[in-house]
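In this document, chain identifiers A, B and C correspond to the written order of the chains, with residue numbering beginning at 1 in each.
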Amino acid sequence: MDTLEPIVSINNVTKTYKRGDQIIPVLEEISLVINKGDYLALMGPSGSGKSTLLNLIAGLDQADKGVIEVGGIDITVLSESELSRWRVSNVGFIFQFYNLIPVLTAFENVELPLILSDLSGKERKEHVFTALKVVNIEDRMSHYPSQLSGGQQQRVAIARAIVTDPTILVADEPTGDLDRASAANVLDLMDRLNRDLGKTIIVVTHDPWAGKRAHTVKLLDKGVLSDDSQDTHS
Amino acid sequence: MIVKILIRNAFRHKLRTSLTICGIAIAILAYGLLNTVIDAWYAGVEASAANRLITRNSISLIFRLPLSYREKIRSIDNVEIVSYGNWFGGYYKDEKNFFANFAVEPNSYIKLYPEYKIPENERTSFLKNRRGCLVGKKLADSFGWRIGDNISLISRIYPGKWEFVLMGIYRGKQKSVDETLFFFHWEYFNEMIKKSRPFSADNVGFYVIGVDNPENAALTAKTIDKGFENSLAETLTETEKAFQLGFVSMSESILDAIKLVSFVIIVIILVVVANTMVMSVRERINEYAVLKTLGFSGRHIAILILGESILITTIGGMVGVMATFPAARIFSYAVGTFFPVFNVTKETLLQDVIVTLIVGITAGILPTWRATTIRITDGLRKIG
Amino acid sequence: MRLLFFYSFRNLLTRRVTTLLTSSGMALVVFVFAAIIMLAEGLQKTLIETGLDNNIVVLRRSATTEVQSIISRYQASIIETQPEISLDRTGARLLAKELVVLITLRKKVSNSLANVVIRGIERTSIDMRPQVKLSAGRLPKPGTLEIMVGNNVAKNFKNAGLGNSIYFAMRSWTVVGVFDAGETGFSSEIWGDSDQLMKAFRRNAYSSIIFRRNSNFDLPSFKRRIESDPRLTLNAMVEVEYYKKQSEMMAKFLRILGISLTAIFSIGAIIGAMITMYAAVANRTAEIGTLRALGFGRTNILFAFLLESLILGFLGGCTGLIFASMLQLISVSTTNFQTFSELAFSFRLSVGIVTKAMGFSLFMGFVGGILPAIRASRMKIVESLREV
C-alpha cells in the first residue's frame, strides 16, 4: 500500500448510552485513521464498543462528541435524511444475520439499493448481474432467501453491499453465523474485493480466522483503542 | 420494487391476512346493511313528491276530519286535486301479517300518485268494483295473492270481518316506491261504518292535496290551516315530505342508536386491523431497519406499511361490498313488509369505500410511526 | 397452576399495545351487547312498574291499548256496580273512568312533533296510583282547564313546564303541577280533568276503566261475567299484564336487534383475538419448545394459551361493562311502536345482564384462543427448539 490517502478519519469521538438514569460510556476519545484500500479488523470482547464504532463510521448512529470524516465529508453534521442519502452511495453493509428481505428473490435483494439511485432499469440489471457474478451466485438469483444456505445468503448480502460501488464496506461479524467452510468462502470473497477491486473494508469480528485476513487489526477494550501486537499481513 | 415488497408482505402470514380480510369484509357488510336499514327508514321521505300536501287533525293522528272539508279545500287557490282516506289498521289472518292499508277515494288518489304503475284493465276494474282492492306487487307476492282472489282483513280499530276482491296490482315506477301498500274504496269503508258506528261515519283520517306547483306548496298549506282555524277540527297541513319525516323522527332514538352502532363497528374493525399491522410491523422491525440502513427513507417505510394496511382493508372491503347485495336481498326477504323499500344505494357503497380507506390509513399510522422513528441500531438488534 | 397464570398474564403485559387493541375490540362488542339489552330491560321495567297487581283495567274487547278503546257511559255504569271493587276509607269506590287520547307536542331538542298521552282523570285516579307524586305546583282542580304533566314531559317538550299553557282542542290549558311517577310510563303523560277533556274533544265515551280489586276478586270469573254480558263488549286484565304487553313488541325488537348485531360484531372481535393468539404462538415457538423440554405437558401449554385468551376476554368484558354501566345515567325518549306515544325510560343494568355479557366476553376469548392454543400444544419439541 503506497498511496496512503486517508478515507476515514475519526477524531476524539465519544459515545455514551443511557440505561435508566445511568450513563454508560461506550467509546472514550477514540481517534483512528483508515486509508483507502485498507482492510481493517476491529476486535475485542463483547460489549467493548466495536459494533458501536462501526455503526458510527457507517452513519447509523450519532456520536456525542468528535468528528468523523468519511471520503472528506464530516458525517457528524449531517441530518438524518442527509445521512440516508449519503449511505446509499458511500456505505455497503454486511451483517451477521445477512438481513436479506425474505419476500424478495436474491436478484431483487441485490437490486434493492439501486432503486434509490437514478440508474435506468437496464443499467440496474447490468449492475446486479455484475455484482452477482463477483460473488459467484448468479445460478441462484431467482431463489428466495429461505431457499438458500447461510453461506449463499451471505454472498447475496455481499453482492447487495457492493452493487452501489460504495466508498467503504462495513461488515459486522460477517462469519458469525456460518460454519467453517462457508466462513472461509466468505472471507476469500472479501479478500478478493479488497485486493482485486480495491475496496476499503472495515470488519468487526471476534473470530480470529476473520481477524487474520485483515491488514490491520485494532483492539477495542472498555472503550479504548489499541494496536494489535501481531500485525498480520496476509 | 417497493410495491412488490408491499404486496408480498401483505400475504406473508396467509392465515393472519385472511382472518383480517374476513373481519373487514364482515364489518363492511354490517356497516352497509345498517346504512341500508337507515335508508329504508327514510324511504317514505325519499319517495314523497314536492307538490303533495297532507292535511290531518291538528290534535293528533287519532282524531279525524269531517268529509265536508273536501269542498272547502278544493276551492283554495293552487289546489288541483283533493283525495282523502283513512288508516285502516288491518291485518291478514294473523296479527303478525301486518302491512299498511288505507281506505281511499280511488279516482283522485290514483291521479295523485302517478308513480304507481297499474295495468289499464286492472285500473278500470278496480275503480268499478266497490269492494275491489289495489295491492303492491311485493305485498301480493308475499301472500301469493292473484287478481280475483277474495281477501279478508281484520282491523284493530274497526270491528268485524272485511271482505275485499283483489282487482289490481301496482308496481313502482322507481325502485324507491313502496310496493307493500293495500288500498280499497273509501265509499265501501264509510258504508260499513255507517252501519256499525253511525257517529263516526263521514270522517276522514287525512286529506292528500295535489298543488299545481311545488313552489306554492308552503303557502297553500298555510291557507288551508287558516281556513279551519277555530273550527271544531283544526287542521295541520304539511308537505308530504315533512309528514313522512315526522314519522321517521318518532323513532329518532332508535335511528341514532343504529348510527352509533355502525360507528362502533368501524372502531372495532379499526382495532382489529391496527392490531394486525402492529404485530406484523413488530415482527419485521429488523427488516425495516435494514432498509433504512441501505438508505431508504422514512417515507419509503411509510409507503410500505400504509400501503400494506390499505391493500388488506381494500380487499376486505371489496369482499364486504360484494356480499352486501345478496345479504340485503336475504334480509329484505326475512323482514318482509317491515321495511317496504330496501335497496342498497350508491351513497352506501361510497361510504363503504370511504370507511375502508379511513380504516386502512388509520390502522397503519401507529405502526408506521413506530417503524419510522425507531433508531436503526435498535431495530437491527431486534432479531428474530 | 398459579405459575401458569402469571406466565400468561405477564406475556399479555409485555405485548401491551396488542393486548390493549384486542381487548378493546372485545370491550366494544360487550358494550353494544350490554347497551341494547339494558335498553330493552329498561323499557320493560318501566312499563311493568307502571302497572299495579291489584289494579284492574277494563278496555273494549278488540282494543289492545287505551287509545283504541271506547267505553260508553252506559257500559261504564254497569262496571261501576260490580261487587269486586274495593272501597276507600270514606266508603267511596276506588274506580276511575278515564279518557286517553294522544296529542302532538314539539320536542325541545329536535323540535320534531311527538305524540303524548293525555289522560283524563278522576279524583280516584291518583289514589289508585301511589307511584304518582306531585313534585312541583299543585293538583289540578276538578272542573277546570288545569292540567299537570309528568316530569319527563316537562323535561323533554317545549312550553310544557310549570306555569306554561298548552293549547289543544280549541282551549288553552294551564300547567299547574308537575308530577314524578318514578320510572313508570305515567311520567311521560299529561293528566287533566276527565269531564273537561271529554267536552273539549267532543267525546261522549271513556277510554278505559281502572278499579282497585277487593279480596273477592277472581279474574277468570270476573272476565267470564263481563264477556257473557251482551251489553258489554269489554275485556278486563290486571294492570301489570296490560303494561307488560305494551312493552313486548319494542323489547323484542330491541333484543333481536341487539343479538343479531352483536353476533356479527363478535365475529370481528373473535377474529381479532385469533390473530393475536396465533401471533403469540408463532413468536413464542422457541419458548414453547423450552417449556416442553422442561417437562410441561401438552395440556399445560394448551391451558397457558387458552388462559391468555380468556384473560383478554375478561379484560374486554370488564371494560365494556364499566362503560355500559355509565349508560344508566342516560334517559332515552322514543315512540313506543305499540301505543304510538312517546315514552321515556333509561338503561338498566341487572345482575343477569352482567353475567350474560361477561359470559359472552369469555366465550369470545375462548373461541378466539382455542385454535391457536391447540396449535401451540401440538408443536414438536425438537422442531420448535430449533426455531430462533
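One rule holds in what follows: a residue touches a chain if its C-beta (ideal position, glycine included) is under 8 Å from a C-beta of that chain, and two chains touch if they have at least 3 such contacts.
Everything numeric here is computed off the predicted structure, so don't read it as measured data.
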Checklist line | Central chain (distance from its CA mean to the mean of all protein CA atoms) | finding: B
Margin query: Measuring between Cα centroids, which chain is at the maximum distance from subunit A?
Written below: C
Margin query: Counting only Cα atoms for the centres, state how far subunit B is from subunit C in Å.
Written below: 25
Next item on the list: Could you grab the centroid distance between subunit A and subunit B? Build each centroid from C-alpha atoms only and quote it in angstrom.
Entry: 65
Margin query: Nearest whole angstrom, what separates the Cα centre of subunit A from the Cα centre of subunit C?
Written below: 70
Notebook entry, point to check: Touching two or more other chains, which residues of subunit B qualify?
Noted result: none
Item checked: Where subunit C touches two or more other chains at once, by residue number -> none
Check: Given the complex with subunit A, which residues does subunit B contribute to the contact?
Finding: 1-2, 4-5, 8-9, 12, 286-287, 290-298, 375-377, 380, 383
Checklist line | subunit B partner contacts - residues on subunit C that touch it in the complex | finding: 17-18, 21-22, 24-25, 28-29, 31-32, 36, 39, 62-64, 67-68, 101-104, 110, 112-115, 168-170, 201-202, 261, 264-265, 267-269, 271-272, 274-276, 278-279, 283, 332-335, 337, 340, 342, 388
Margin query: Which residues of subunit B touch subunit C once you look at their complex with the stated criterion?
Written below: 15-16, 19-20, 22-23, 26-27, 29-30, 58-63, 156-157, 159, 230, 232, 234, 236, 245-246, 249-254, 257, 261, 264-265, 267-269, 271-272, 274-276, 278-279, 283, 366, 384
Check: Taking the complex as given, what residues does subunit A use to touch subunit B?
Finding: 55, 58, 60-61, 81, 84-85, 87-89, 93, 95, 97, 99, 101-104, 108, 111-113, 115-116, 160
